[in-house]
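Shared chain: chain A. Partners: chain B in the first complex, chain C in the second.
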Partner chain A sequence: MSRAAILRQPWLWAWVGALAVWLATAAFTGGTGSGQVISAALTFGAFFVIVALGQMFVITLGPGNVDLSIPACMTLAGTVSMKIMDGAGAMIPVGLAVAVAVGLAVGVINYTLIRALRIPPIIATLSSSFIFQSAAIWYNRGLRVKPPEALGDFTTAKIAGMPFIAILVIGLAVAMHILLARTIYGRSVLAIGQNMRAAGLAGIRVERIRAITYIMCATLAGLCGYLLAAFSGGAALNMGEEYLLSSIAVVVIGGTSVAGGFANVPGLWGAALFLFLLVTMLNTFGAGAGVRLVLTGLIIIGVIVAASGGRHKREG
Partner chain B sequence: MIGAIFSPRVLRGLLPPLSLAVLLISIFWLQPRTMSYFGLNLLLNLAVPIALATIAQMFILCVNELDLSIGGFVSLVACITATWVQETPLFGLLALAALIAAYAGLGALIHIRQLPSIVVTLGMSFVWLGLAVLVLPTPGGKAPDWIRSLMTLKPPMIPFPIIASVALALIVHVALMRSAGGTVLRGAGGNPAALARAGWSILRIKMTMFALAGFFGVLSGMALVGLTTSADANIALRYTLLSIAGVILGGGEFVGGRVSPIGAVIGAMTLALAGSFLSFLRLNPDWQIGAQGAILIIVLALRLLIRQAEKRR
Partner chain C sequence: MTDGPIVLVDGVEKRFGAVRALSGVTLDLQAGECLGLVGHNGAGKSTLMNVLSGIMVPDAGRIVIGGADLTERYSAVSAMAQGVRCVFQELSLCPNLTVAENARISHPAISGIGWRRRARALIGGMLDQVFPGHGISTDDVVGDLSIAKRQMVEIARAFAVTDREARVVILDEPTSSLDGVSAEKLLAHVRRYVAAGGTCVLISHLLGEILNISDRIAVMRDGGVVALDSARAFDRKSLVAAMGSVAEGLQGPAAKATPKRADAPAVLTARPETKSETLALSAHKGEVVGLAGLSGQGQTELLVRVFRHAAGTEVRGDVALVAGDRQTDGIFPLWSIAENISIGSLRQFLNGILLDHGRAQAFAQDWRARIGIRTPDVNQPILSLSGGNQQKALFARALGSTAGIIVMDDPMRGVDVGTKQEVYAMIRDEAEKGRTFLWYTTEMDELRNCDHVYVFREGAIVADLPHAEMSEEKVLHASFRDDGVRVSA
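And now, the complex of A and B:
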């Protein structure tokens, strides 16, 4: 790749941003704890990336496609699987299967609403998320069931200083990259995002691809809910909250076109690390909760404004 | 004659008020004591700020954008109202005016850079929430007396929330649906290219619509504080989803500038009443949010049925 070609990669800016923020933090602390920061960023970034992978495929389907039910799906999958496992180590695979099944069911319901009622995906996933959230509240009954110890250990395990969960999610991202770039399914998603009508006329079974995409997105959210609940010592009813913004922000900052049709996986990891390191940096600088929220919001908008400027120049 | 009354077109227009009527009648049936001046006042009180936020969202949807920050915005306004407006009215009102200007600026930014409004407003929701935390770090504050007395008015015969909602719906309806200026504003959602060729500035239209949304968001926050008497930074976060659902329930569409102010107010009231309906049913309160989702899905399904009947004719 020539230098110009590298500069044109859409994922570049997310990684540059992540590096800059990390260096700023390291400079402030004089380098102490920079290693731990990276390790934490890889762990929390892994959770962001799992949901963002699904959201990326959905957003790539084109304007109006976005899954707003991710937080509710995570919460439901997390609570149901934790309660079914009830802390028993032998039930770990059952819990995983249950969480994935919850995700699958959520995806099927979402797509059925979109298709049967012919409503925009935003409204379909919004209204269904109300129901999933209620289901989680009702099922949970205010209890906080601890995850099986072995599962909790698994999510915090490290191999040579590298969080194990991050290694797994990097593997997942590589698989998803191949799915996007090298398979008929992935190419079909891109084609639909660029021109749905043309894709249909070219023989792509548009509705089948859309169904798979929404179901896959919800399934990944279910998986993330399972892992996150295990990681944080039990499912909480608000555990998915921040993942609504994060899943969309990670996708967009990572260089995927919000208008659909163009996606890239490497940017997801860059953006996830960037978001986590940004909050860490503001914490290190001693910013209070209010200042941290304001700056996070402004920086996300700033990145998007900057990214859109770059895109215009390239086209012109 | 009867055929004309029950034509799909009329039915579609009647769907939002009919849903509200069905809900209201069920509530009266379950709990006859609500069928009084006092009962209605209690039932519909909190519908007023929701209706105002829904109208704000409607202006944004009208120009084919979506505002995911309105809940945070209303919370911030509530915090400012309960602190600055109460202590130093002039400074507080100036701050609120600045917030409206910020909304117009957002409209300009989204239009000029062709940014996706979902992402920009999602980012702004953090900004509003952060500012709200800075203004009012712990729940508290106090509603200014004049807002408090306005929101607790007891007019003769008809409860205040009903008068306020009807007035809101009619004023916005006349201004947006029946005036020349309103038609131009809606046109920016229907066919922006045509409007631009006819010499209108889409930038100015978008800024106007966002400023209007900011204005009604400010009213919503002030009304909310008038009812709750104090504020906190998370007070209205659920308004984001409620307002979108309200516009859609009221017959609004996502694209094309097709909105209905009267429908939006009715949609907001339907959602506000859904909670009371469930508690009168003695249903588990856990399902309150879920019921709002279910109502939304049912109304959308009915709308689809009507649309299909329309096509068959």
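And now, the complex of A and C:
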């Protein structure tokens, strides 16, 4: 790739941002703990990336498409699977299957609301998320059930200093990249996001693709809920909270077009690391909560402006 | 008015990357004349008009309006201030606003309390003047109007006068989305406007209307003006020769006289969804079936129902569609030419479950050559192409697919004469190989390529004409109701 071609890559700015905040943190601490920071960023970034992968496909379907039920779906899948496993190591695969099944069901319900009742996706997924969240509360009465020990160990395991879960999610991201770039499904999502009517008239089965996309997004959220509950010692009712906005922020900072029709996977990892490292940096600097939030907002805006500036030049 | 030209463009040049769209164009417009502008797709007509209306800044050359050199500070705003109006081929109305609100946008003089009423009066009056009996309410939302009605609104808006006069009106392919009657009304208005001292530039691929309406005709080829003379100095043949068209004999290879109906099996039957009495349409394998009539009489709806295998149609085999309204129905604007062509045939490039981009690329290259898309590189963005070349890409998408039935929704809008002949030949060729075509067209010449023609009126099929019985008179006769209300003067 020539220099100009690299500068035009949509994922570039997220990675530049991640590197910059990491260097700034390292400079402040004189390099101590930089290794641990990276390790933590990879672990927490992995959870962000799992849900962002699904959200990216949904957002790429075009204006108005977004899944706001991700946090509720994570909570429900985490709660139900933890309770069913009830700390028994032998139940780990069953728990995984249950979490995935919860995600599938959530996706089917979301898409049914969107398609059969013709509710706009934002409203449909927001209102369904109240139901899923309430279901989680009702099911577990707010108790925290511990995950099986082996599963907890698995989510915190490292191979040669690298969090195992990060390795898994990098593999998942590679698979999703191939899904986006090299399959009929991926091309169809990109086409629908640019012009839904033209996509239908070009022979793409628009509604089938939309259904798959919403169901896949919820399933990934279910998977993320399972892993996160295992990682953090049990499912909590607010465990998904920060994943609503960050799933969207990671997608957008990563260089995917909010207007749809244009997406990329490498940017998701860059953006997830960036978001985590940014908060770490501000904590290290000793910034108060208010200042931290203001700076987080400003820096995210800065990265998005830099990234979209690059993209406008490409289209112009 | 003074004797000097009202507008003079002098040595104007414009490049898009490797493509040289204008190479030193010099052209003058006089008050009280209609200048016809013809040329192939990509000859530079639309680019020149974009320069004239201030949307594109030329790389070199001068723009002189009313004797003043405005090159340095020429923009869309100053073009409006000078009374230069343009009706674009790609319609530029806001679809979410009403007709009256759209009129207000380009006439900022309408303001303050009661602007809505004055905007309605302005655009409504102009519509009545240009297209009497247009059937458009000024409170209609533009997005709900057919493409023909949107075009009418756009035209009326350009001719409407508030505080600034409309000195020069540029019409870029205005009749391609209009039916014959509306087109005649427009051309009559152009003559009235010119007689009153206005200046009009008319771009069209319909040589008949250029020859009839224009005072002078300019022919463009490869980004330059190659001929400019009084309209009387040209005839159909000499115009085609000046454009450098390969098409000899404008009628083209007409359909064979021997009907295929007798021995070929029927592959589709369809009946329009209407409460009134209607015939059913059927198409047999290898036939080219024409859908005629005025624009917007239910032809597109039927094509889309056939495409979707909707209830009420019986369709055997896959269907591919060539869009006519390419911005809303055809183009994927973020993608390259190659991606736009290959999207209709993705299954052909599967290697297991993965797409082989190399094969898709080769496929697009092959179709670029076969259908003559003017671009050095199929990896260029689709929007780098002129309108007619974008249309060719859509043809390539449909013809390249494996579908046995191809439905075409007035697909030749904005396509030049030479390309049309090439595409007609390609359609005949594909039909010989056993493909079936449903072809909605508003151009009489194109119906001559059809084995069978169905005429639509008010959502129903009212006439069923085999090739041997088809004539312009019969089609027109069927297109209008016998009560004579809508027949033009």
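Note that in this section the second predicted complex is superposed on the first by the 316 of 316 C-alpha atoms of A that agree within 3 Å, B and C clash if a C-alpha of one lies under 4 Å from a C-alpha of the other, contacts with A are read in each partner's own complex, and residues count from 1 in each chain.
Please note the rule applied: contacts are C-beta pairs under 8 Å (C-beta built on N, C-alpha and C of every residue); 3 or more make two chains touch, one makes a residue touch a chain.
What you are looking at is a predicted structure, and each value in this text was computed from that prediction instead of being measured.
Engineer: Per the contact definition in the header, classify A:Ala198: touching chain B only (first), chain C only (second), both, or neither.
Structural biologist: Only chain C; A:Ala198 stays clear of chain B.
Engineer: Which partner does A:Phe285 reach: the first (chain B), the second (chain C), both, or neither?
Structural biologist: neither
Engineer: I'd like to know which partner A:Arg187 touches here: chain B for first, chain C for second, both or neither.
Structural biologist: Touch partner of A:Arg187: chain C, not chain B.
Engineer: So in the superposed three-chain picture, is A:Leu126 touching just chain B, just chain C, both, or none of them (first/second/both/neither)?
Structural biologist: Touch status of A:Leu126: first partner only.
Engineer: With the two structures laid over each other on chain A, which partner does A:Ile248 touch: chain B (first), chain C (second), both, or neither?
Structural biologist: first
Engineer: Once the structures are superposed on A, label A:Gly261 by its partner contacts, choosing first (chain B), second (chain C), both or neither.
Structural biologist: The second partner, chain C, only.
Engineer: Is A:Ile304 touching anything from chain B or chain C once the two structures are fitted on A? First, second, both or neither.
Structural biologist: A:Ile304 sits against chain B, while chain C stays out of touch.
Engineer: As a test of reading the superposition: which chain, chain B or chain C, is in touch with more residues of chain A?
Structural biologist: Comparing chain B with chain C, the partner touching more chain A residues is B.
Engineer: Quick one: in the complex, what on chain A touches chain B?
Structural biologist: Going through chain A, the ones touching chain B are 64, 66, 113, 117-120, 122-123, 126-131, 133-135, 137-138, 244-245, 248-249, 252, 258-259, 288-298, 300-301, 304-305, 308-309.
Engineer: Considering only the defined contacts, which chain C positions touch chain A in the complex?
Structural biologist: Answer in residue numbers: 304, 307, 318, 320-321, 323, 328-335, 343-344, 346-347, 350, 353-355, 357, 381, 397, 401, 403.
Engineer: Once bound in the complex, which stretches of chain B touch chain A?
Structural biologist: 66, 109, 113-116, 118-120, 122-127, 129-134, 137, 241, 244-245, 248, 254, 284, 286-294, 296-297, 300-301, 304
Engineer: Within their complex, state which residues of chain A touch chain C.
Structural biologist: Contact set of chain A toward chain C: 178, 182-184, 187, 190-191, 194-195, 197-199, 201-204, 257, 261-262, 315.
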